[in-house]
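Think of it as A, B and C in the order they're written, each chain with its own count starting at 1.
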Amino acid sequence: MNYNWDWSVFFKSTGIGSEIYLDWFITGLGWTVALSLSSWVIALLLGTVLGVMRTLPGRFAARFATVYVELFRNVPLLVQLFVWYFLVPDWLPEKLELWFKQDLHPATSAFISVTVCLGLFTAARVCEQVRTGIQALPRGQAMAAYALGLRLPQVYRKVLLPQAFRIIIPPLTSEFLNVFKNSSVASLIGLMELLAQTKQTAEFTANLFEAFTLATVIYFVLNMALMLIMRGVEKRVRVPGLIALGGK
Amino acid sequence: MIRFNNVNKWYGREHHVLKNINLKVNAGEVVVVCGPSGSGKSTLIRTINQLEPIEQGEIWVDEVQVNNPRTNINRLREEVGFVFQHFNLYPHLSVLDNITLAPIKVKKLAPEAARERALELLVRVGLEHKRDAYPSNLSGGQQQRVAIARGLAMQPKVMLFDEPTSALDPEMIGEVLQVMQDLAKSGMTMMVVTHEMGFAREVADRVIFLDHGEILEDTQPEWFFTRPQHERSRQFLRQVLAPMHG
Amino acid sequence: MKSMLRLGLVATALIAAGAHAEELTGTLKKIKDNGVIVIGHRDSSIPFSYLNNQKPIGYSMDLADQIVANVKKELKMPNLQVRYTLVTSQTRIPLVQNGTVDFECGSTTNNLERQKQVAFSVGIFEIGTRLLTKKTSGVKDFGDLSGKNVVTTAGTTSERLLKAMNAEKKLNMNIISAKDHGESFLMLESGRAVAFMMDDALLAGEMAKAKKPDDWAIVGKPQSYEIYGCSLRKDDPQFKKVVDDALKATFASPQMATIYKRWFQSPVPPKGLNLNFPMSQELKELLANPTDKSAEQM
């Protein structure tokens, strides 16, 4: 195949101000990281609350969380994004709608839509992990806590969740990595994250393979770094024998 | 201290686990509950702090009706220590934190005060050197002693034991029974579900024999061991005391 | 010994090539050997190249038919098979390069960057980059966009021009890069942007699709002109000549007016919309003087 490789393309001027193409990748990486981290915070908080709800004795809370999970896990992410970006703003009061659509910087309104969308989507997945983690614990753990007079929130905060989270760090890590990959949906509503910048570079330079190779490398390094961080976290909070006990 | 008035409990519609239970445990008394497995003895002891609800009758602990919807069940549980067959220590917390968690969170004790009390209790169960260890580093016997200390840290009026030695290797049973015996001597009101007939004979003030959810014997240990009233208790005793079965 | 042998073979081949000047090479040879020609097409570049009932149709596809006819004539293969392969804006260049398709006709702009990767036929269309806006928006030209939200499609020349203009003239526009023309128009229609900058022919297509086409107008002085061409493999003069000859002959014939009218001034499938887009002066000049140069080189 007679392709002309040219790795110097990243240092060439984009023709916009004094930017070079590499700047686009850096900006894109910035958006990707910002999007992913803020979505993850939402997912982790909401997912934990939902996961706890699914294990509560009360019927209503458990059912609500189940419906939530089924809804958000089974509707394709793209459809959800479309709803958050194009439909939800139209349901706002008119002043708020105009503010969101026109006064807010388009990148900001897109950022908010993607973050909410990805956060709520991932929360459904985190919820299932948290539920599994809690249910993997021996029943005696909660019983012992109740027997000592701990209140329900204390039982979860002090006894069940700290153990459940230690058990589910590996699956949570992969959800965390998924958030980074899924954040690329932002490119579809015009937020110039890493994938969008890559496509744009490919389109403008016609150096498609260089652009996508660089993007691959960046995603790979990002994933490795996150994995190492999560492994560090896992090691730091590890308690000897906990997993073995959890499986009992 | 503890009173059962005509207590009945079912699992589902069919299974009648507790039948017309009437019993009384006085302050400072040590009562051993025994019976064949499936007789309802664990269920019985769990109804006292509402780990198991009951369908009929009344249970009173120190003039508080346990099964009254208006009773603050958490308050009550603070007064009733419970020791489980499988210890149920919190594996992610050190021995000391296992003991201080409830006093700090529930009794709102200052952390230093809770710590001090925990250390005293650890001395009492002979494990002060293990205060920073994690449960998984302890033997079964040690874990159960910590679990007893954890229960005592709430300064309960009553201590309930649900087969505290059944999950232990034989060589560790002694150390746990010793701690329980010391506790009994200190005047604690105790109700103990156990197969340890030696403990029943030496420490208990009364022995209750339960079978198929019914109390068949409620008497002094001496009477229970020498002159059991029912054929089923005689059969039970033959089985537990048979030398070959240990 | 082995290398001597190889040298000998190469020498023989060279002599043979020299001896028969009309020996087929490159794409033509490939087409002849396989008995099939593969055309790359787009799925939604209305009215240039898009799918209707699974069949690729459009202005560029009509021209591609002319190219195929000429290839058949050149190879004396009236029964040459024609196969169509769908390409996207991301895959079109690599698929031409690696031989999956023999040439691609759609709405591909001929520019210097792409010339490094592929060759272009003589230009088949010329557009100007302009603005689509609501008639009531008050936007008459690019100068009116200062401080406003403007949408354009990601990866297009319009995007680059708009961003460069914004940086140079400090217009403080908020530029939204939508993923395709349909979404760009959605941003415009839903009020997120006051104007949509794009190739005028494509804007006409989007306008025709609107619920009320009369509410919209294409305005502003073109910021650039772009020439669309069919893309083919580089360094293949034999095939390029067949392609260019076919196009030039078509441009010169009355047939060209028919083709243009069919796609830009008549109702087109699937919905029977009429773009009402008369031929621009620029396109008339391009067809009269065919060139494979890009607009920037003119």
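Some observations on this one:
Keep this in mind: a residue touches a chain if its C-beta (ideal position, glycine included) is under 8 Å from a C-beta of that chain, and two chains touch if they have at least 3 such contacts.
These figures come from a predicted structure and were not determined experimentally.
Here A is the chain whose Cα centre lies closest to the centre of all protein Cα atoms. Each chain gets a centre from the mean of its Cα atoms; the one farthest from the centre of chain C is B.
Rounded to whole angstrom units, the spacing between the C-alpha centres of chain A and chain C is 38.
Once the centre of each chain is set as its mean CA position, chain A and chain B turn out to be 47 Å apart.
Each chain gets one centre point, the mean of its Cα atoms, and the points for chain B and chain C are 84 Å apart. Against chain B, the residues of chain A that register as touching in their complex are 138, 140-141, 143-151, 154, 158-159, 162-163, 166, 239-242, 244-246.
Contacts from chain B toward chain A in the complex involve residues 49, 51, 74-75, 77-78, 80-82, 84, 86, 88-92, 101-102, 105-106, 134-137, 147, 150-151, 154. Listed in rising order, the residues of chain A touching chain C in the complex are 1-4, 6, 14-17, 86, 90, 98, 101-102, 105-107, 109-110, 187-190, 192, 196, 199-200, 202-209. Across the complex, chain A is touched by residues 89-90, 93-94, 97-99, 111, 113-114, 116-117, 149, 151, 154-156, 159-160, 163-164, 167-168, 174-179, 183, 186-187, 190-193, 233-235 of chain C.
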